[in-house]
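Read from first to last, the chains carry the letters A, B, C, D, E and F; within each, the first residue is number 1.
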């Protein structure tokens, strides 16, 4: 259960939003919409505790995330505009090392399975810099399949993906949400998934 | 009139495509489609003379682009994944300097008009690094409005744009094509514009 | 804790993958050291006199060159964000990254220094002191450098700004490091210098990761 | 031709926007020069002897540090692609970029060198020769450096690889540059060294932009 | 009183260049700094006033 | 007790500090002028000619105050920076930022006047003496602080990053000072060093102290003026700034 009360965000002298309230419970997902520059990315970074809000508070299971710290971060997964994917490493190495950073470990077989699921079979050992734009995104999204987290915060996850990959990712999100997870995402396209809430900035 | 005969492209040991023929005439546009990693970006870079094809030839108005050199480049505009936009400069500076690099000059009033058209009014003097993902793309696209070129080669121009911006860009492309221009673009969404050809990789 | 080793392993793997990186830091060291006889002239007595200073300054510059790339690639591709959001405390991860930086840039210098010392006609005792002083000093350079790298992260012209911030802070390390070798050569004994260097290392080992972490959090806000 | 001035203007504008960039290259020069006495010791006679070598090596390193950023930002954000695709011949644009690089890094060094010469107690005649040698030498450093920057563009660990490529090519410049000042001090006259430096500059001015252009085309393919 | 004449005062016993070089630069900086700070203040005040006027025009 | 804390925080807000600073500034200028004129009068007309250095020694009357201020301001700056990090008050960062240029100028003046003193006394503009070297490094630290803040556009981030640098620097300044001192004494190379002030005549001492007070008042006055400008720049879009009489006119 993630909730926020009277959040506000200021960039330069521009107030992107003020007094924003939101609440997303288990089994629900939130679609953050808005024009270019409305403040979607800024909101997601605030919700993930990367940057502090100008005002307001964010609660996770009723407790402020500032005091929760690590306990919040362990249950949360944030994927932003940037890949967080090392161009020199192969998809396989990227995935296993990301898991180790999270303090878990991932067997090679599991990693291979996740990559195959995202259509990267045969590219497991090719350094990421040789991959196409969409394939790079897929490596990133494969983390969704292997990391156990209750709350997903995804910034434009559908960018650069082809139709097949969009379906695959939608499936993954539905699975996560119906299993009691929470997802917050931005996208300029409309997404037809059950149990969605919409927030327009 | 751009045509290519029996193009092929090899990356590593992977043949992305072989014996590809295409021809696009004035007043037409070409939608290059294909899965992630199919070779769309690679094809566009070959067509724009950035990288050489493994085999085959590309003709512009019947002459090979290799021998045309500058004459081809003057009539062609390529916008890739990267912004070609300087993060430290303001949108206004970016636009005027890009024009000067092309050997033309652009009055401040014209530049302001182009930026306003792309919804960047009020952000003309804000360094680009403060802009949102979509606003950065808009700065790039504003070049379309100011640079006179017959052939547009655009790699995923709709990425990160909101609905309004997508409409605006579509309008610009239609205008260009009906005025006798040529456009080649990639996109994972379907585009409903008149006079389109489709190439599936 | 395993996350720390994971990050060291990852950074070493990346260094190997970029192949040239480790080797070229070394070559930079060699070339800078070799430039001086070219710029100054070949008199052996003069060269022997300035050898400890030049070797140490070159080691310092070689370490410093790699600093800009300590956090920048991880920042550019978003890995740093993920590290901040990781359940493992950021300080530990940062300590791991600093350790990896030392292994890839400091350690090779320590190993190579004796060979270069021969070029300047240092005797084996002086060579030994040189190696020990570098062994104590180069980790300190990595530690202090990390603070500067974190402070300048993502800033335009960061590389040069970084050296501006870091070089003044390197002064004591340089003085005690080069001083140890010179003291040995002049017969006053290097013990004092080396123990001061060790004390500084302990101090740096405590505070630098902390300051670096704070600076990184600010850079990412 | 106007495109060349446009690119010089643009690069100077960017340098101003990044504010610190020009100043910090300068301060890097100052600090590196100041490090040597700290490593070597404060004896004025010894320092006076090695001063030309140190000043020249520091100038060389200061120029070199900025090289990695000569093409890299333009490469990363796609501007270089646009330059290759521009109707203006690439060679001209590149020459413009090299000129801008010299104005922002080489020229300030030339202007500052006399002040640092004072710290090493050089007399005014030696100062004059130092300035002239730097005035001839630093554009050469920018020209040669541009080739290296283009060759290492986009390679991992490019920064250090770059110095590996470029430093050996800098050796003649260093020898003639520092040699000119030393020759003056020792009374043999700096004329020969300086005219050799001038000859190298003419040679470099002809070939370097061409080689850089070729290297850039390869890097972008 | 140490000085017989103004000329003597300015000569500073042969150290004129050094003494006046020091005091001169010191005075120069200590005059320039407040002026620059004052400029900074007036420029921010000017832009604040301009904004105010723009705002009142907007609301009219 | 709690009353006092409330008061303290009241003045720690830019809004209430702005007018207070405005009222204090003229007084500091007046004090600076009084001490400056007195000090200069003592320096040139009261203090006798030095036995060994002739009239050249009069540089001491600005050299030493500048050197003192350069060190003192650094400590004050670091204190403000530390307060800013600990208490998260906006004013602290502004104060640190306002002090840095003045400190850098003082450091530069100590170098410049020292060089102009060294030339006649030692025959060289510069020697690698311990005190000179550490003064030079202090100057670099100031420049680093200013350059870092100039390179960051977000004011809050600039404050925090500058604070960390200032704190790291303040830990290092004594280490640097002693290491440089030791380096120099071990080498025993410098043919000259600053000789301890030759049994300074009391008038000289008084002149120096009064000049130091003048420098002090000057620094406070300039720093306060600068901090007021910084407050206006940073708080430009708050209501209270728009309501200021100097903005309204």
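Operating definition for what follows: a contact is a pair of C-beta atoms (placed from the backbone, for glycine too) under 8 Å apart; a residue touches a chain by one contact, two chains touch by 3 or more.
Just so it is clear, the model here is predicted, and its values are computed rather than measured.
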{"item": "For subunit A and subunit D, chains touching each", "value": "B, C"}
{"item": "Least step count from subunit B to subunit F, where 1 means the two chains touch", "value": "2"}
{"item": "Greatest separation from subunit D - chain, by CA centre", "value": "A"}
{"item": "Euclidean distance of C-alpha centroids - subunit C vs subunit E, Å", "value": "43"}
{"item": "Whole-Å gap between the CA centroids of subunit D and subunit F", "value": "35"}
{"item": "Centroid distance [mean C-alpha coordinates] between subunit F and subunit A, Å", "value": "49"}
{"item": "Subunit D: positions in contact with at least two other chains", "value": "17-20, 24, 27, 31, 38, 41, 46, 156"}
{"item": "Contacts with 2+ other chains: residues of subunit E", "value": "none"}
{"item": "Per-residue multi-chain contacts in subunit B, two or more chains", "value": "81, 88, 127"}
{"item": "Touching chain combinations (by label order)", "value": "A-B, A-C, B-D, C-D, C-F, D-F, E-F"}
{"item": "Touch list for subunit C against partner subunit D, complex", "value": "17-21, 24-25, 27-28, 31-32, 35-36, 38-41, 46, 49-50, 52-54, 56-57, 60-61, 65-66, 68-69, 155-157, 159-161, 163-164, 167-168, 170-171, 174-175, 178, 182"}
{"item": "Touching residues (chain side subunit D, partner subunit B) in the complex", "value": "2-3, 6-7, 9-10, 13-14, 17-18, 73, 76-79, 81-89, 93, 220-221"}
{"item": "Parts of subunit F lying in touch with subunit D, wherever the complex brings them together", "value": "115, 124-129, 133, 136, 140, 143, 147, 150-151, 180, 183-184, 187, 189-191"}
{"item": "Residue ranges of subunit D touching subunit F (in the complex, touch as defined)", "value": "18-20, 23-24, 27, 30-31, 34, 37-38, 41-44, 46-47, 118-119, 121"}
{"item": "Of subunit A, residues touching subunit C in the complex", "value": "48-52, 70, 73-74, 76, 78, 80-89, 93, 97-98, 100-103, 105, 127"}
